[in-house]
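Two complexes come next, and they have one chain in common, chain A, joined by chain B in the first and chain C in the second.
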Partner chain A sequence: MFSMAMFGQALVNGVSLSAIYVLIALGFTLLFGIMRVVNFAHGAFAMLGGYALFFAYGQYQLPYAVAIIGSALLVASAGLIFEYFVVRWFYHKMFQSMIGLMGLNMAMVFTGVIVWDAHERSIPAAASEVLFVGDLVIPADRVVVLAVAIVVLFLFWMFISKTKYGLAMRAASQDVEIAGTQGINARRIYQVAFFIAIFMTALAGSLYTQVYALSPFVGERILMVAFVVVILGGMGSIPGAALGGILLGLSESFLSTFFGAAVSTFVTFGAVILLLVVRPWGILGEPE
Partner chain B sequence: MLAIWPIFTSNQFLLTMASMVLLSAIGAASLNLIIRTGHVSLAHAGFMGIGAYGCVLAQLYLEWSFPIALIFGCLLSGLVALAVGPIILRLTGKYFVLVTFMLGEIIRMIFIEWKSLTGGSNGLSNFPPIHPIFESSINFYYLALIVSVLCVALCWRILTSELGRAIDSMREAEKVALCSGVPVIKIKILIFVIGCVLVAIQGAFQAHLIKFVDPTSFNDLASLNFVVMNVIGGMFHVAGPLIGTIFISLFPELLRDYVDYQRVIFGVVLIIVMAALPGGIVGTFARLRGKK
Partner chain C sequence: MFSTRILRHVLFLLMFTALGIARAQAPEELKIGVIAPLSGGGTAWGLALQRGAQLAVDEVMAKGGLKIGDKVYAPKLVVFDSQYTAAGGRVAAERLISVEKVKFIIGPIGSPEVLGALPVTMKSETLMLSNGFAVPILKNPENSPYNFRVLNTSVEFGPAMVKWYRENYPKSKKVAMIGPNDSVGQMVVPQMAEVYKSQGFEVWSELYERGSKEFTPILLRMIAQKVDLFDLAGNAPSEVGLMIRQARQSGFKGHIWQAGGPAVDEAIAIAGKLSEGYMSFNVFDFDNPKAANFVKAYRAKYGTGIINAQTPIWHNATHMLFESMRRSGGTDVKAVRNSLEKLDGYEGGLVGPVSWGGLAEYGVNHQLLHEFLIVEVRDGKIMTRATITPVKR
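The block that comes next holds the complex of A and B.
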C-alpha cells in the first residue's frame, strides 16, 4: 500500500492544503494578537469569499487572477462595514467577543442560507490540466492554489516587516497604550489589521471551496482549522500560525492518505489536546 | 405556578417545549457551577451526550431498566470527567476553553465513528421508554419538573454553602485561597465531576423526551448554547442561567412565523446583548437597582 507515488501525492496535497491553512490562521492570529478578539465569524467570512469567487469566476467568467483577488478585496471591504457596526465593540473583551461574534457568525451563515440556499455548489477549477512529474500526478489547480497563497503570504510578510504600517501594527500588538503615546492611531491600525485578516480569510475561503465544495456551512470546518492551527503555533504568534498551518496540512494529508480521514482527525485533535496540556501557549507562543 | 399551568392547557407542543426548557435548565445551572470555579467548559454537551448514550445503550443492549441505566449513564459521564479533570483543570482561561472545545469534538466524533455501538450519524431510536405512564406529555412534564428542580436546587445549595464560598474565593484569588487552606484543585475536580454528572441526567431524560439520540445534538453549538445561556442571563447570579435558559429556548419559538429569519435575528440579538449588556440580563437588573 505504501509507495513513492502515494507518498508524493500526499506531499503535493499536503503542501497546497498547508498553504490554505496558513492563510486562514494568519488572519485569525492577527486579530487575536492585536485586538484580543476571538473571531468566531472567521469561517463565515471565508464562506463569503467562496461565494464571491463563485459569482465572479463561475457566473460572470472574469479572468481568474482578477476574480480571485477582486472577490477577496470585495469581502474585505464588506468586512470593514462589519468591523464598524459589530466587531469594534468587542475589542479587548475576549469573552464577550467569543459570544458576540458567534452571533455574527450565526447571522451571516443563515443569511447565506436565505440568499443562496443550502445546496452545495462547485466552483469551476482554474486549470484542468494535469501535470506529470516522474511518477507523480499533479492536478494543475493545486499548483495555482499554492502559487496564489505564496504570493499573498510573501506580500503579507513584506507588509508586516518592511512598511511603516506593519511596524505600527507590531507595536500595537505588543502594547496598545504605549503604541498610542508614540503617535500610533490604534483605531486606524485596527481597521487595517481587520481588512488584511479578512482579505486573507476570504482568499483562503475561495481557494478552499474551489478545491472542495461551496455551501453556507463550509465556514464551520474552516473555523475549526483556524482554531487547531493557532493552538498548535501559539495564540497571537504570526510565525506560529505559519508553522502550525504547515504541520496541520501535511499531517492531515499524510494521515488521511494512509490511515483514513477518521484516524487523521483523532490523531490531530489528540496531539492538540496533549500540546495544550503540556505547553498551552503553543509551539512558538510565549507564556503569559 | 410551574406546577399548575399544565392543567389549563393540553397543547402537546407547549408541554414538550416546556419539558425541554426545564431539562435545559439543568445543563445551564450545572455549567454555571463549573464556570464559578473560573473555568468555561465547551465540552458540556459532550458530557450530556455521554449520559444520553450511556443510558440508552444500557437499556438497549444490557436491557437494564431506566433508573439503573440512568445511573450507569451518569457514572460513565462522571468517570470520564474524573479521568480528564485532574489534567485539564490545571489549565486556565482561554486554554481551558480551547482544550474542552477539542474534548467535546473528540467525544462527538466517537459517537459518529463507533458505528456498531452508537449507530453513527443516524443515531439511535426505538429504545424502551422510561415507563409507560410517561408516554403522555403531561406526565413527562411533571417528571421533568421534579428532576429539574432537584438538580437546580443542588447547584444552588452548593453555591450558597461553605463550598460555594470556597469556589468564589478560588475564582477571585486562587493563590490566596490556596494559602488559606482551600484544596483548590480537589474542589475544582469535585465540581467538574458534579457538573458533568448533572448534565448527563439532562442528556438521559432529553433522549427519552425526543425519543432519539444522535451526535449533532451534542456538538460544539450545543455546548456554546449552554455558555450563551449563562452569559445572556448573567454568570454570577444563581438566577442568571435559569433566565438565560428561558430566553434562549423560547426566543426562537417567538419567531416561529419567520422560520427563515429566526437564526439570523437570534444572531443579531446575541451581538446586541453582548455589546450592550456585558453583565447579562440579571447583571443589568442588579446594576440598575444598585443605581437607584
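The block that comes next holds the complex of A and C.
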C-alpha cells in the first residue's frame, strides 16, 4: 500500500492537523505557564470562538479577516469578565483550578445548549476549493489554518521575546514575588496573559469548528487534544506546545494512514503514558 | 340566625363537593421516561426522540389528557441524557426506574446506550420502546419480554438497500465501510459486510474511536483501496457530515451513501455542496402532505431548525404506547406490554400502520416494520429515489 504519493499526502494531512493542534494548545499552556491554572474551561472558550465566527462570518457575512479576528477579540474581552469573577481566584492553585474551571466549563456549555440548541452547525469555509499539486490533494481551508497558525506563532513569539509586556510575563511566570519587587504589576500581567490566552483559544476554536463542525459540545475534543499536546511538549512551555502539536499531528496522520486508526490511537496514547513515566514534565518542560 | 347557619353549612357542602369533583377530574400525572443522546455526535437523534415524544404528549394534552378507562392522566416526560454511551444508558435507566419510579421508557437510540439500559429495564420489568441496530437488543436469552424496537434496523433495510444499489449501479465492485469502534460498528459493519458479499461485492472496512473528527488518514487508506462505494453504515449525524466533506476534499469520486442513520439534513448542513449526490436510508418525507400539521406544530414549538427524520418515528412510538395503555385499560406494565404486542394495524402517527415482525431473526415479534426510503441529495435538496417496505418474517 505504501507509495510516495501516499507518503506525500500523509505529510500534507499531518502538517495541517499539526497546525490545528498547535493553535489549540497555545492558550492552554500559556495560562498554566504563567498563572499555574489548568483551564478546564478551555474547550468552552474555544466553543464561544466558534459561535462568534458562526454569527460574524456565517450569518452577518463580515469580511473573513475582520470576522475571525473580531470574533477572537470579542470572546477574549468577554473572557475578562470570567477572569474577574471566577478564574482569578484560582491563580497558583492548580488542583482547585481544575475543579472550579470544570464547573465553569459545564455552565458555559449548557448555557450554549439553552441559547443555541445542541444541533451541529457548519461555518462556511473561508476557501472551499481543493488544490491539486501533482498527486497531492490539498483542501484550501487547511491551508488557511496553516497560514493562521504560522502567523499567530510568529506574532506570539515576537510579543513574548521583544516587548516589555512579554518580558514582564516571563518574569512573572518564573517568580511573581521577585517580579513584583521589580515594579511589575502582577495583576495587570495576569489580565493581559489571560486575554491573550483566550484570544488564541477562541481563534483556535473558530478555525477548528470551521474545519469540522460547531456545537456546544465541540470543546470536549478540543480540551482533550490540548491536554495531550501540552503533556507531550511540557506543561507551560510554548515551544513545547508547538513541538507537541507537530508530533501528535504527524504521528496521527502517518500511523492512521499506514497502519489504521486503532494502531494510531494505541501508539499515540501509549507514547504519552510512557512519557509520563520517564519524563513527566514533557519533552521541553521543566521539572517542578 | 338559624337560616344563616344552614346557609353556611350548605355553602361548605357545595364547596367541598366542587373541590371533590375538581379533584376527581384533575388528570393524574403519568411519568414517561425518555433516554436520549442529548450531547455528543448523536445529539440530533436525541433531540428527534425528545421532541417527537413531546409533540405526541402535547397532542394528548390538547384533548384534555390521556383517558384510560374512567381515569384521565397527564403524561409528563422525564428526560435523561445518555450521551450515546452504554454507561450513559445504564445510569439513565437506573435513575428513571429507582428515583423517578417510571414504568415506561421511550428510547434510547444507539446500540451502546440501549445495551447499557437493557439489563436494568429487563430486571425491573420496565417497558422500553427503543432503537439500536445491535441484534442482541431483541435476540437475547430472555427474548426481550419488555423491549420493543420501533425503527427498522440494517437487518430489515440492509439487504433491500444493497439489492437496490446492485440493480442501479451494476458496475460497482468494491465497497468500503468506516464505522465507530463500539457496539454499533462492531455489529453493523460485519453484518452489512455479509450483505454486500452476498450481492457479489468485495468489502474493505475500518473502525475508529467514536468522538474522532479527523477522518482524512482513514479516508486516504480507503481511497488507496480503489473502492466504488463508501457506506457510512452506523455513523452518527455529525460524523456522517464530516466524513462526506473530508472524503470529497481528499479526492474521493465514488458513491457515498449510508445504509443506516438517517442523518441526511445534518449531512447537508455540515458538508454543504460536497453532499451533492450523497444517498441514504431515510424514514420520512417531510414534503408528504400528511406531515403538514406535524411540521407546523414542530415549528411553533422548536423554531426553524432541522427536523430530523426520526422525529415522526418517536412521535409514533409514543402514540403507540398511549394507545396500548388505553386498550389495556390501565398502566399495569404486563397488560400494556400484551396490548402493545397486539397493536398491528393501529395508525397513530405518520409512519403508517403498526406491523410487528422479527420472529425469524430475533425469536420475538417486537420489531416494528415500517416503510422506508432511499433518498439522494440533488441541488441541496432531498429527493426520493425509492420507497421500500420490509418483508415480514
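As a convention for this text, the second predicted complex is superposed on the first by the 287 of 288 C-alpha atoms of A that agree within 3 Å, B and C clash if a C-alpha of one lies under 4 Å from a C-alpha of the other, contacts with A are read in each partner's own complex, and residues count from 1 in each chain.
Criterion: contacts are C-beta pairs under 8 Å (C-beta built on N, C-alpha and C of every residue); 3 or more make two chains touch, one makes a residue touch a chain.
For clarity, every value in this text was computed on a predicted model and none was experimentally measured.
In the three-chain model built by superposing on chain A, chain B clashes with chain C.
By the touch criterion defined above, A:P124 lies against chain C but remains apart from chain B after alignment on the C-alpha atoms of chain A.
In the superposition on chain A, A:M6 contacts chain C only, with no contact to chain B. When the shared chain is aligned, chain C comes close enough to touch A:R221, but chain B does not. Of the two partner chains, chain B and chain C are each touched by A:A262. Of the two partner chains placed by the overlay, only chain B lies in contact with A:M235; chain C stays clear of it. In the superposition on chain A, contact is made by A:P139 with chain C only, not with chain B.
Listed for chain C are the stretches 1-9, 55-63 or 109-117, of which 109-117 clashes with chain B, judged after superposition on chain A.
Applying the stated touch rule to the two superposed structures, the overlap between the chain B and chain C interfaces on chain A comprises residues 113, 262, 265. The residues of chain B lying in touch with chain A in their complex are 40, 87-88, 90-91, 94-95, 97-99, 101-103, 105-106, 109, 113, 224, 227-228, 231, 260-271, 274-275, 278.
On the chain A side of its complex with chain C, the touching residues are 1, 3, 6, 9-10, 13, 17, 113, 117-122, 124-125, 128, 130, 132, 137, 139, 141, 212-213, 215, 217, 220-221, 252-258, 260-262, 264-265.
Those residues of chain A whose C-beta lies close enough to touch chain B in the complex are 38, 86, 89-90, 93-96, 98-111, 113-114, 224, 227, 231, 235, 262, 265-266, 269-270, 272-273, 276-277, 280-281.
Within the complex, the chain C residues that touch chain A are 38-40, 43-44, 46-47, 181, 206-209, 211-214, 216-218, 220-221, 224, 237-238, 241-242, 248-251, 266, 269-273, 303, 305-306.
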